[in-house]
Amino acid sequence: MTITALKQPDAASQRKRGFGYRAAKMLLTQRIALLGLLTVIVLAVMVSLNSAGALSGSYDADYLAAALISAVPLAMLGLAQLMVILSGRGGIDLSVGAIVSLCGIVFGYSYGVWDLGLFVSILLTAAAGALCGAVNGFLVAYIGFPPLIATLATFYAFKSLALIISGQKPISTVQIQEFFSAAQAVEIPLIGQNLPNIPLGIFTFLIPTAALVWVLLNRTTFGRRLFALGTNDVAAAWAGVDTRANRMSAYVISGLISGLVAIVAVAQFASARPDAGVSGNGMALPAITIAVLGGVAITGGIGRVSGILLATLLVVWLNAGILLAFAGNEGTQFQLLALGVLLIGASLLNNLTRKKFGVLH
Amino acid sequence: MSEHPTTPRIAMRGISKNYGGVRAIRQADLTVQPGTVHALVGENGAGKSTLIKILAGAEQPDTGTIEFDGKPVTITSTTDAIRLGVQTVYQEPQLFPDLSITENIFVGREIKRGVRVDWAAQAAQIQELLDMIGLPHKLATAPVGDLSIAQQQQVSIAKAVAGDASILILDEPSAILTDAEISVLFSIVRRLTARGVAVIYISHRLDELFEIADTVTVMRDGQTLDTYDIQDLTVTKIAELMVGGILTEQREPRSFHNVAPTLELHNIDLGQLLNGINLQVRPGEILGLYGLLGSGVAEIAETVYGMKQPTGGRMLYQGKPMVNKGPAAARRRGITLVPANRSAQGVFSFQSIGFNISIGDLAKLSPLKGWVNKRRERDIVLDLIKRLGVKTPNENQPISAMSGGNAQKVVIARQLLSTPKLLVLAEPTQGVDVGAKEEIHRLIGQLAASGTAVLVVTTDLAEVLRISDRVLVVREGSIAAEFGPDATQVDILAAASGAVTTRKAS
Amino acid sequence: TGSASGGANTGTTTVAFVPKLQGIPYFEAMNAGGKKAAEELGIKWLYQGPTTADAAAQADIVRSFIQQKVDTLIVAPNDPDSMAPLLKQAQDAGIKVATADTDAPNSVREVFVNQTTEQNHGKALSESLMKAMGGSGEFAIVSCSETAANLNAYIDVIKKDVAANHAQAELVDLVYAGEDQAKAAAMATDLMNAHPNLKGIVGLCSAAAPGVAQAVKDAGKIGKVFTVGGGTPMSMAPYLKDGSSSAAVLWDVQNLGYLTAWTGKELADGKQLQSSFDVNATIKGVKYDPATKVELLGPPLVFTKDNVDQYKY
Amino acid sequence: MSTHLQSRTPAAAGTPSPRKMLPRRVTGQEIVLIGIITVLWILLGFLTPAFLTPGSILPLLVAVAPIALVGVGMTFVIITAGIDVSVGAAIMVSAVITAQTMVATGIPLIPALLLSIGVGALLGLANGLLVAYGKIHAIIITFGTANLFQFIGLRLFGSSTVNGVPGTFDVFGRGEAGRTLGIPHSFAITLIVVAIAWWYLRHAASGRHLFAIGGNANAARLAGINVKPLVLMTYVITGALVGLAACFVIAQGTSTLDQSVGVGRELAVIAAVVIGGTSILGGRGSVLGTLLGAILVQTVSSGVTQLGWPSQLSDLFVGAAIIAAVGTDIIRERSRRKP
């Protein structure tokens, strides 16, 4: 009736508007378009700085490929945050870093000390991660803890447990040291000769995880239910969605992914460190940052796998470039500046988007 | 009455407002005289709420002027509006769940001594206000979050009345109130108009306008059509103005199959809320459940659907005992429900229409359990959109961009993914315009005709009489009376409000 | 790809050093020593550290230096095990690799520039403490990171030395305060309360050493509780002077930085290190063990109120 | 006439006295916390006799002060349904500017205090403007500004420490100079701030408005409350208290200030606030609870050290304390909401 009468002229007028308007709208409403553009800008600026000789090392394909090694844990934990933030009601997981620490020790013992073999060790570690996630999920979904609080509590608890069960010592037996090969850069078969070597973790961990999460979210009914309860918890319950079980599953998956990241971290560091995920600023805050930058709405129900992956690429390549652009201590300091500006800038843009175009994707 | 002798309290001229691409209102005019009740009517999405939000300072217009008592004013915030004496009861209660009723009523204009809130002075005033709206005194300190929706609406009204209003705006206040509560509201409104307050009254219950309104402005497609004296109008006339055509009353005769009941409730209890509920509904039958808010009528629907677990009694479904652990279990059995509160319980706002429909039965989306086949989803969704006449360019539109009536159809479509054996509809047409209401009623009739047992839970008297084969009246957690289709509104209302205590055989 | 001997730099030898973290006096003093060496030896000295003592952040920086194709890459690893593979990667890229301050024993590093042995350092700490405590009484240790290998090694040495040589002294508690001075002070306060007879506290790292001294000062227990620790001279000077700290055990950090840079140049030039050598007028008698490939700056330096003002870092 | 309402009416029977109109003075959560803390202190008093001595309690209270102080601001922020994860980095910036100025100019106590508070308030203003007027979720904004503040702080440190910080702030310290009649000044100031904040939140109209904003920001706007300035104010207050807390942190540190100052404090502060019963969803909370929460956390970590247990255990107990405290709160709320 009336609504279509109001809408149709709008659709028509949109068709009439020029390419510029549509491009701007796409950049603002499609987070991945914006991230893609930013990544291209970063690459272009760095490459031109490079050819102008303003960088202290060459910003080339080899370097970009080598930098991808830090993309693996970052993007995977970003995906873990995607799952829980999507589930709504303030979903967030502050404990992922602590789970990485704890599960790293589990992997260190099972693979490096008890010698259970790679396959069993991976299963055990992933199960430990899922169990940690289940604790979070139970507190959030069944008891009704706000996620920020539940995961803050388990962050403290898991972090402490990792130190206690490891006796504060990293596990670095021969097996663990040799496990580094799992993180090494490899040549891509067939087409690899002309391309730089890519860190193995991209293929063994990141791509499978990303594919799995994508399929879960976009091709399974679980994904539908997750989006539903993230968008409107009450409506989901009335539509027959078991909100508690599904919300809990999101946290279990987040824990599971964190468990896998623990294996990546062990491989990358050639040792199982009880503070692997919490030292420095920890792994949780960067992961949340990646998720937000990747366009995941903190209120739930909106978010895409591609956004996480692109945001990771942007941050990792930008950071790598900054290290070459600023010598000395400034390098790492300017990384903080860049991240802060990106995060606030992207959020302000989101806001503009909502005002101008309504919904955001 | 258009040539009123006095200066209008408010004169809005040439008001337009766009939301992104949506033109919510276009060149609307509204002139309201002091001491009158001015009704604003129009289909869902006609722009009524938007127009009054502009007056209340909650939204800023793109174009237009506003005059207050003959002087031009600019209203850029709710503070500006409140300063002019504009008090508003919004369509959705705007309250603070953790604060007490007293604090809710005084929030924003506390009685103060210095910076400190004068609790004692507020306490003295609150009693008077609670008396006026008919809420018990003991609720003064209760957190608003503990109240029922209807009580919250009453608090909103008290809040607006407590302010020194020169204009009182009521946006569909009656939609969730019972008739008793509405009559309290009307007496308040009359008292205020007697003091010279101008009241703007928005409602879809056209019949009540004849009780309270002096003038009526009709809106359509974001425009104000014209303003009429209430004496010059009838319900049919208003409805015709609203939809811009002639409404034909059509009652399709329903054929009633006398077969084994789909659902039987035997002495169902639910804590203090329900006691000893007995009812039966058969395939093809439409059973109306009428009750005032708080009567327990809503709880019957929730119990059947598995949202609440009965504390006593038996439920039989297709002749077999049934325990519904939750809505999912009910749906697996073929019981679906359209919830009463569309925005809170029904709609996944920024998701697409397709998403909003298919969430009802994800198992249908692929032969493989747990899997989503996008093409199959599209086919199913498009089919339902067509069957229900949802007005949308495609199934990917977010449901938040739709009018109330269309959104309601989407929520109904969700229940029809597989033809339900038992369909429960709670307030199926609340806040839905006349045209859409018509279509929804026809749809319910069609479903019944195809063999679905239908349970309609409503507080809309006209509706329950119009579509039901039988009407059960619920009062204080029990079935108070049963009526056949020949009952009158008076019979039912009397039963619901306690005048009739004996059960009348049908 | 660029030539083998450098991308951005042309001709001059480039030595890069990655500290555990930036902004703390210890590593900034090494940086100062390295800069001085660079001026005197005509090399290019690069210094870049993470903002927190984080192995992953450090790895990113090491990777960027590999990319810059420096001639020599020297690292003070936060996590020796995780640094080993990266050093291998650097070596494969034709870069000379070494460690300084903290070793990565299972790596391909060609030299470890050691300030002093863990044995010597631990022993100097325990001897200074025992001297202050008069060889008897209860003492406690406030360490920093739970996982720092060198700190844990010092703890072992102290335990053994006290057990062997000071039977009346007893280690009653060991706590970890992270790299946080205030937390170290709070924990030292708790230790003094829990053990009223406590006579000594070791503040093991450069954050804990001033922290424990401050706690003793605040508790008004100067002269009753004695502290020693691994603090840098300028941060320890006030405490050494008021007696809340009896001794700070460290080494000449600027000289260590100088030696690090010098060693980097030697490696780049492909020279063989002698078993004992002098670097300049102040750095003399450096030992080198070809079997373990470890350079040794010399014995630890004990700062007291008498000599602390000679060191400006 | 309102018979139909009777089955749904909650709350006690009878007309309330004006006294009952007042918001509750002490919440259930606070009573629980007082109980837990009392039990813990008595228990620790038995297990380690030194615990209940002034030499142990006073430093504990001094250590509580900065966390509780920032916690007061954080409580304001969280009541409005916001959050500020940048307070750790903001402490760093305030502390380094103040310490450097003291070293360079030797300014006396009051100007130094004002400087630190001013810097903190300025950082809070940046947060507040972005949250209130940028209309972005507070957690995102403050994650962003946390990075920016950390950048600013590190640049100011200039890869060095601030050495020879004068003892100007010793009046807030752990030592003898920091006490009068045995009461630590820093804790006394914190108590005063808590008391003022408690009164403000309970009795001042604008204090009540903070609860309204947290309960339903749109309804608050529609009720004519100036939401944005009030939200802005909560961040500025948090910033100012961060500035004051930075002075306490300097006083509790050594004569050398290094760049680890403030790092990770935000989580400790948030932990204290949520243990104190403030709802992270907004609309409900108390500063008294926050103070008690901070005391509980500090008691746990001091207790673990004094008992001679491995210090790594204290985080485990903090985690457990959060779950226990918030869990009882959730269960109590739920049982209250059930008629």
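For clarity, chains are labelled A, B, C and D in written order, and residue numbers in each chain start from 1.
Here is the rule we go by: contacts are C-beta pairs under 8 Å (C-beta built on N, C-alpha and C of every residue); 3 or more make two chains touch, one makes a residue touch a chain.
Just so we're clear, the structure is a prediction, and the values are computed from it rather than from any experiment.
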- Message: Let me spell it out: compute each chain's centre from its C-alpha atoms, then which one is farthest from chain B's centre?
- Response: C
- Message: Centroid from C-alpha atoms only, then distance chain A to chain D, rounded to Å. What do you get?
- Response: 31
- Note on the structure: Rounded to the nearest Å, the gap between Cα centres of chain B and chain D is 43
- In angstrom, rounded to a whole number, how far apart do the mean CA points of chain A and chain C lie? 36
- Query: On chain D, where are the residues touching two or more other chains?
  - Reply: 150, 154, 159, 279, 312
- Item | Junction residues of chain B - those touching two or more other chains | none
- Which parts of chain C, given as residue numbers and ranges, touch two or more other chains? 22-23, 51-52, 146, 176
- Which of the chains touch, listed as pairs? A-B, A-C, A-D, B-D, C-D
- Message: For the complex, give me every residue of chain C touching chain D.
- Response: 22-25, 28, 31, 51-52, 146, 172-173, 175-182, 185-187, 189-194, 196, 207, 210-211, 213-215, 217-220, 234-235, 238-239
- Message: Quick check on the complex: what are the chain D residues that touch chain A?
- Response: 83, 130, 134-137, 139-141, 143-148, 150-151, 154-155, 159, 267, 270-271, 274, 279-281, 310, 312-316, 318-320, 322-323, 326-327, 330, 334
- Message: Under the definition above, what is the set of chain D residues touching chain B in their complex?
- Response: 1-5, 7-16, 18, 20-23, 203-206, 208-209, 211-212, 214-216, 218-226, 279, 283-284, 337, 339
- Which residues of chain C touch chain A in their complex? 1-2, 7-8, 22-23, 46-57, 59-61, 63-69, 78-79, 81-82, 84-85, 106, 145-147, 152, 176
- State the interface residues of chain A toward chain C in the complex, per the touch definition above. 53, 55-58, 60, 62-63, 66-67, 69-70, 73, 163, 168-170, 172, 176-177, 180, 183-184, 268-271, 273-276, 279-281, 319-320, 323-324, 327-329, 331-333, 336
